[in-house]
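Across the two complexes that follow, chain A remains constant while its partner is chain B and subsequently chain C.
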Partner chain A sequence: MEKGEDKHEEEQDQVVNPWEVTAKDGGKIDYDKLIDKFGCQRLEEPLVDRVQRLTGRPPHVFLRRGVFFAHRDFDEILNAYEKGKKFYLYTGRGPSSEALHLGHLVPFMFTKYLQDAFKVPLVIQLTDDEKCMWKNLSVEECQRLARENAKDIIACGFDITKTFIFSDFDYVGGSFYKNMVRIAKCVTYNKVSFLEAFSVLYTSGDFTFAVVQAAPSFPSSFPHLFSGKDDLRCLIPCAIDQDPYFRMTRDVAPRLGYHKPSLIESSFFPALQGETGKMSASDPNSAIYVTDSAKVIKNKINKYAFSGGQDSVEKHRELGANLEVDIPVKYLSFFLEDDAELEHIKTEYGAGRMLTGEVKKRLADVLTEVVDRHRAARAAVTEEMVDAFMAVRPLPNMFD
Partner chain B sequence: MVLQELGIKFEQYDHPAVLTVEAQAKYVGDKGGGLSKNLFLKDKKSRFYIVSALADTKVDLKVLSQRLGLGKGGIRMAPEEALGQLLQVPLGCVTPFALINESASYVSLLLDKEFKTQPHCFFHPLSNETSISVQASDLDKFLKSIGREPSYVDLEANPPVGKDQPPDLAILVPSGTIDIPDAPENSTPSQAVSEKSFPVQKKCTPASVDSVKSAKPSSADPNAKDKPNNAAPQPNAFAESRLFVDEILKKTTELLLSELTEDVAKQEALANSVRKHLAPDLQNLTRTFCSLLQVMFKNTAYTQGFYAGSNCQPKRL
Partner chain C sequence: MEKGEDKHEEEQDQVVNPWEVTAKDGGKIDYDKLIDKFGCQRLEEPLVDRVQRLTGRPPHVFLRRGVFFAHRDFDEILNAYEKGKKFYLYTGRGPSSEALHLGHLVPFMFTKYLQDAFKVPLVIQLTDDEKCMWKNLSVEECQRLARENAKDIIACGFDITKTFIFSDFDYVGGSFYKNMVRIAKCVTYNKVSFLEAFSVLYTSGDFTFAVVQAAPSFPSSFPHLFSGKDDLRCLIPCAIDQDPYFRMTRDVAPRLGYHKPSLIESSFFPALQGETGKMSASDPNSAIYVTDSAKVIKNKINKYAFSGGQDSVEKHRELGANLEVDIPVKYLSFFLEDDAELEHIKTEYGAGRMLTGEVKKRLADVLTEVVDRHRAARAAVTEEMVDAFMAVRPLPNMFD
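Right, the complex of A and B next:
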């Protein structure tokens, strides 16, 4: 992600869309402004409390810390749930690289929690077609990457009796394609041309793609799962940069006779070097990868994690750390489960009584644990398991 | 009341509830005789003791611990829950008379020999709102009637304890441990009473005690492949992990602290602090790791079934 080195004369506003995320003048992403601009709603504490009450368990750390901070119609999902009406989850990944980093895992970790807490089924779309179009990759390579990524996704702990993973190359066709065409008919060039503003439209495939990502929001796209359940609602956990796609989908839904899909949106997992944008798979030092060893993690954090601490120990003890820009504290707020401990660290570090080294060490421990656990689970995923997750099969116990 | 049936002479004084010896003194302090202070104690192996002494007798828990053969700092005040569960009395009401309850069968009683020097002594019956004065010999009558041999001890003595001098009070250590799980998921506190229902203060050394613990997860190692509760609903997994973690923490902190400091109060404070900080962490760790293992096993089993199902040959006719 670039820092504020724009050559433009006018003030460059922050840019957030599915292809690019940059903050204004190399600062931080202004999420409040984003919510205003996009027109979604803030996920306030009463809603989090409601989730706790309905699910009978403590809300996920991402909810408590405001990582998932915005939504569209999540309250509708909860209203229906209260009345005994379930829903299904839909999330996805664009398999552009084999290496997954922690930022990629965030939506999946949250989705797993949602699946467990609400006891609902989940469909996961691997957009190998999109990556094939966008990146300089062959069809076969994208399919291979999709399967490899599927293993890491499965390692997050999804329940095979409630989860259907599919790749576009494998699954598009039949009822799914019929929905794509129905959607396409509603989406005129005007609607899709908003994409042009991002200067990213080059081939005809780019039009179709928006539609491919929209189709899983409708239950009839999965007749082997939801046949006869046209009334079933859909909840989409995603990063907020995906909002434009789903705005379009929500627009189309009523015209096709479906509920608008609800969204629950997360902020970006910042890169190690600072909160100017999101992690990039192309720069290995901007992120902690799930294949990193404990030594590598420790090293990356020590060398590259942007610190909000002061230059010298004396100055630090006097002024304290700048928690706004400090990356280790930010990362801890994602992965350190203990609220009390995080509070303690923030207080002490912010007052200058705790040093950067200590915070970084704690972070290294926490992340190593996350990565180790993931690796262990990943080792248990076989090719047959991937086949089973991706098989077009009924899921009779998906609401149990 | 039991005492009358036994033909025991006693005087009964009712008063507002009192929680301390000083408060009790306000109401019955002028009636002659000795006020008693009663301590409810617990050792590291979950064995319980009532130490009943004259209010003025100095009771040193460190010394007592050594004389019982529990090492230094092996004994401390019992937790509040134990009071209710074992003695069935409210706070501030520890009394030898509580041994009338079945639940207290494995609680050992140490009586101050100084009681015998008093014309009569004050104890609470089973309530804070009454004090009764009885003679020491009558207290003995009561104890024998419930199958207890009264044990009078010189509580202020401090005999050396070492290789050639065995702990002189070791015979007063109870033969059974009692577990007080505090998890609300357990409907009944489990007791160690497996054999006979009647307590006997028999000769025993601390080493030969059976410990009968409450139901614990079978695998002590969270990394073990066999996870007990595959089909159990979620709440059980939480309860188990909590008990499991509490056990680990209890053992670890007790061990650590006995090495670190002999100050019982400090130990208590440190133990609580450690428990408070570690327990949620460990519980989360256990829960998330165990639940991840659970789901991976489920997935593996399903996959194998799926593979078998999709590759099976049609029946040959």
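Right, the complex of A and C next:
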């Protein structure tokens, strides 16, 4: 098992894995600690600059502002790319019954940027099988949700000539299933360290889905796309809670004759109530949904967005806002693209010259624009387009 | 979980499950005890008579001599059949590197009889995925072995208009995979009793394959055959060590809206060295293989077949043979079809009037004929026939 085995410790101060994200005593997730614990690498400025140089376009907001803050061997992807060797992107989503919220869009907005910047193919896995297994939902309902979620994903602007979206229920079989068994075989022979690495209750069903989620990391799982390209590298943009799955995958890769997949990992988009973990699907007031109206967005922000401002205007003018815990500023740092304006807000707000109400108003405008744009794009996605993105087909121009 | 949970007992006198068959202290498997422990039903004479009445043909040797000695709800299959409701047969095999031995042929010879007698369709699963998982064999090698084993199976005389043979690596996906997830979901929610029921070290990989083996028990796993026939019953001929897999399947069936599959279960074809369990694949001298020549068969029987005869001719003439432990007589009871001749041998040999050498000679002749017939039939099986049996296709005349 590679560096980063996350042994079960007596005093576990924060829990981050595919099934749980909990900060210590209601505090913030300590991402520096997480990097050390997982053993992944910090995504630092020289690497961001290199992306700009190689792609000839400014790095995405999420990259230059450290939303994607960690990686595994992303530099190797860039080394190969520099020598003319392309790669493919792989990301995914567990289709759920709820409308998507802004946090769900983060990896897809970033992946869209990566696809455009590097001009590479992309596979998107919809794990409807896993959702069916663990939620009280039928196979048919999970497949319906997968299609609905596919519309939101397509609305992010992916290039149909370079993108294959698949539902596990539709696609598992053939070469993909063979890779699942090959992976399971490696994992089983190394079971103890695998189980240790997860350090969570590890049920049989999870085991199977770890393998289902690992398979897309290997090009031979997509013979209609990558036949004869076993040497192709894979880059996975994901939130850092998925790291344990792919640590297993990276462990297995060389034994099956593939490159280890590279990862580029994000922090979590925080809940309106504060930065203690991921947003909660069970509390609709903890997140801005892509279906929220301008009025709902404004109300949610005013009512629930945790403020770093002071209790009274007088005190605020004197002390300024605590930007470290302020959710409106945090949200703006994700979605306000203008660096100068963001800097201005932080300076003025931090110095107490700008009030919470003003910042919240600006945020409501920014998010309303993001959500409106998404809603319009989604409304334009037809069933035929979903069929086209999900068709098992070759993509002859995927590297152009 | 239905009757027959096989709780882990402090003093376990014999072990019979899909992974291990061991009698107590090198003695014989106690099949009566097994029926009580598993909670299946004894297959008694009235049921055998009923088969004869319903099918209008004499019951197979394996049925009238108690090789298939236990069942679960076989009577329900017959009740439905009597009212004009047909069923389908499901059996299978884990393709292994070794040539098949006579014990491997037993379930297929019997299944062939059932197909002919009841005029029903049959699905045969080749679990190349499971063999790949647990043996040191590649995916490709397991698929090659599956095809080779398919030739032996086809040589048993199955009707191509009623028979679908499939390799898991080829076939898992689509409706079959959806059923796997549906089954896994039921099993996971009831995990504790499921694990208890197996009372063996239960690894994650096994769990998956239990589900792979359960799926063919439900007609919707074969939409090209049984579309719209969710009410179709399934009868599974198998050796009794597979009972735990199908106990789980029967537990799940009503929750998914299907009939519980019925089982008709055989004892084990014993090793030449004596009736202590199944034959060992690792000792070629413990079994007669379908590739053995007449000379090899004769030598193996003379050298290794455990005899119930006495040490000296004088003592034998005086005491007679112990038929209970005599392997030649046991083997003859499987493969010598003439009831009168078998009775004659048992009487004469048991009384000491016939010697071991004579019985062994007769057995060598009988087995040579079986093996020669099989070898000739297998030689006539072409690659095109294998393709035809394994093609995913409708079988329009399968109930004729």
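Observations
One rule holds in what follows: the second predicted complex is superposed on the first by the 371 of 400 C-alpha atoms of A that agree within 3 Å, B and C clash if a C-alpha of one lies under 4 Å from a C-alpha of the other, contacts with A are read in each partner's own complex, and residues count from 1 in each chain.
The rule is simple: a contact is a pair of C-beta atoms (placed from the backbone, for glycine too) under 8 Å apart; a residue touches a chain by one contact, two chains touch by 3 or more.
Keep in mind that what you see is a predicted model, and the values were worked out from it rather than measured.
When both complexes are overlaid on chain A, the residue A:K185 reaches chain C alone and has no touch with chain B.
Contact with chain B, but none with chain C, is seen for A:I154 once the two complexes are overlaid on the shared chain. Judged by the touch definition given at the top, the superposed model places A:G174 against chain C, while chain B stays out of reach. Once the two complexes are laid over each other on the shared chain, residue contacts for A:E384 go to chain B alone; chain C is not touched. Legend: residue contacts after superposition of the two complexes on their common chain; A:S312 is shown touching neither chain B nor chain C.
Shared contact residues of chain A, touching chain B in one structure and chain C in the other, are absent. Interface residues of chain B, counted against chain A in their complex, comprise 234, 277, 280-281, 284, 288-289, 291-292, 295-296, 298-300, 302-304, 306-307, 310. Note for the complex: chain C touches chain A at residues 129, 132-133, 139, 169-174, 177-178, 181-182, 184-185, 188, 191, 203-205, 207-208.
Those residues of chain A lying in contact with chain B across their complex are 57, 116, 154, 157-161, 337-338, 340-341, 373, 377, 380, 382, 384-385, 387-388, 391, 393.
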